[in-house]
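Two complexes are shown next, each including subunit A; its partner changes from subunit B in the first to subunit C in the second.
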Partner chain A sequence: MSGSHPVTRRHALARAIGVGGLVVGGSAAPQLVDPSRSWGAAPAETDGQLVYATMAVELLVIAIYERVIASGKLSAAHGVLADRMLSYERVHARVLGSELRTLGVAEPPSLGHASSSSLDAILVSKQVPESVAQISNESEALALLIKIEEVAEGAYYHAIARLTDSRLALRSAQIMAAEAQHRTILSEARNPGHIDFAVPVAFVQGRG
Partner chain B sequence: MRISRALFNAMVAHAREEAPNECCGMVAARDGEAVEVYPTTNAAASPLRFEIDPDEQIRVHSEIEAAELELGAIYHSHTRTEPRPSQTDINFAAWWPGVLWIIVGLANGEATVQTWSIDNGQVSEAQLDVE
Partner chain C sequence: MVSPPAGAAPNTRRALLGGAAAGAVVLLSACGSHAHQPVVVSTPSERNAADIEILNQLLDLEYKAIAAYTAGTPLLSGSAHDAAKQFLVQELYHASKLYSMIMTAHGTPIKQRANYQLGSPRTHEDVLRLLQGLERAQITAYLAAVPAVSLASARSVLAAILANDAQHDVILRAELRLRPLTGAFVLAGPQRGSR
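After this line comes the complex of A and B, so read on.
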């Protein structure tokens, strides 16, 4: 290979190892570009899109909590627990809503009035097999809440890696930590006495 | 909700300080009695709307939790109109179920305070007893 095509060589190297910034364009005007934008990769999501997506998941979480609580399948103690967690999910949604308005992005629509079948369709799209329409006992109710918390973790995990505004990334990390705490408590509630089921994982990644 | 004269005056003073922009803040309560008023920054810095700064929302929420209180009310001001919930307020209230809305009106120079319950888009005036 000739030494007169440094850009091409670097392209090839980066392509081979899949990392690093690239220099493209003419030699007179090289530009650094994000490699994720090259070679047909999905375009980078904007901060607004990422926050919108996490808020949409929060609204799903809120809707699921509301339906689970309304199902009457939770014991009194676990009902109180779910009420408290729901109140925290609403705080998350309010904060994300404020962030979105600051970014000039409209909020995603509430799912408060969505049908159970619509919610189930969304759950399927998130790889959650549990159904909000068919909660027959407390174990199923808690399993659904655990899964939806994992979905929330996954949404923030996705966002944190991509947000360009470090303040928004910190916000997402704060909320992701809260969702992970919720999942741990719910796991213990579903498996009382089996604390090993509720031991937090070393690295939270979530579902989705 | 019951509120002391001092806390009530703190909200009105905040509204006057921020005018012509709207002010906003949160009221912590216990058993239907206001215990603390938390003035917050209107991130929108606007005479027409308010946006509670997200960082301050989190901070105040944490303080209310730590004090084992509950969020009893949100307050804000209307510097140009009557202290009745606007459609924007009604839409915004969907995110704060079970919370009262205290609005300080400054339209005519005099402070007029009214309190509202906004539940599923339904607005009704609520009692705020200043003691």
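After this line comes the complex of A and C, so read on.
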């Protein structure tokens, strides 16, 4: 059997991806109106609070992707990859928004117009030292995306252990697994062939 | 049919399974920030029995994946070989964790079978397809298990394993030159997708 392939995993990934003001409205997010609290470490226990927290992280992920893409530091192929992942993150946010409406909880505010310094402050609170304002090359851009995906993994891991609605737990697990896949693909893009970077641990728990 | 070659098992495999057989809870306590929470209730109950059955079904799939990786990894080369070697170790960790959870729940972990029906993979691509299919089977099973287990803290452990298997899937898909990402959610089913 031939063990060698003319197309490496790196090439396969590159080819495959080618296809490819914080005010909360509504009635039921009383303790989440204050942005410093919405991003803080206070434990969220109800299903509504947990979904709110994961959606807030999704909105952060979306904002970071948008800034990284806008930085122009990604190659064309990796730009396509980031665009695709961003579109999936937006799907996640839409689905979570729908769940929040069902629960009678207002959605967290978009971070689309947040300043770079505000985003950096949130990143620091999530143990991400990288800055959206200081992306100087593609490696740094990919590193930031990898870490923000880990933040998302961590948010879902936290929520899944606490959600009382098993349907919401399943939806969270489906998204968490997708975020883990994003992290792996981004790691392969940054460090091709380094499987120990791409899939480093047997139990995905994220960060933050 | 492929039986896992006895000599092919890495030391880590023997150590992990040996530890699991002894009811080791080292990995249980090492798994994340929620290790202080009880993973399963200690009082036998119907719910507990149902959880044990679910965990044993997952363990059976892990054993099968371990057998496939053990038998198939030597047939791979290059980046696929490196990935399979890494994934085998991670599957062993999954099995050990499930074993510990079942023991903690006062259940009886199922034993590895003497052999597993794995087909007759002959080529590099055959082996990759086999492994990717088994990863998909595991993903499907974990997606069914996450909402079904009674204890929320056990759910998070299963989700952590599910996410890791989803990472395996994406790498194997890339090795097969399939589209790595198939949608916004990781869903049950074969999800082979297009090239």
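Note that the second predicted complex is superposed on the first by the 163 of 208 C-alpha atoms of A that agree within 3 Å, B and C clash if a C-alpha of one lies under 4 Å from a C-alpha of the other, contacts with A are read in each partner's own complex, and residues count from 1 in each chain.
Rule of thumb we're sticking to: contacts are C-beta pairs under 8 Å (C-beta built on N, C-alpha and C of every residue); 3 or more make two chains touch, one makes a residue touch a chain.
No experiment lies behind these values; they were computed from the predicted model shown.
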Touched partner set for A:I185, first subunit B, second subunit C, both or neither: second
Touched partner set for A:S110, first subunit B, second subunit C, both or neither: first
Partner chain in contact with A:Q174 - subunit B first, subunit C second, else both or neither: both
Greater residue coverage of subunit A in the superposed arrangement, subunit B or subunit C: C
Touching partner for A:G97 - first (subunit B), second (subunit C), both, neither: first
Touched partner set for A:Q205, first subunit B, second subunit C, both or neither: second
Set of subunit A residues, in rising order, touched by both subunit B and subunit C: 91, 95, 171, 174
Partner subunit B, residues of subunit A touching it in the complex: 90-91, 93-95, 97-99, 101-102, 110, 171, 174
Subunit C partner contacts - residues on subunit A that touch it in the complex: 1-5, 7-9, 12-13, 15-17, 19-20, 84-85, 87-88, 91-92, 95, 153, 156-157, 160-164, 166-167, 169-185, 188, 193, 195-196, 198-199, 201-205
Of subunit B, residues touching subunit A in the complex: 43-44, 51-54, 57-58, 61, 94-97
Footprint of subunit A on subunit C - complex, ascending: 31-34, 37, 75-83, 86-87, 89-91, 93-94, 97, 122-124, 139, 142-143, 146-148, 152-153, 155-171, 174-181, 183-187, 194-195
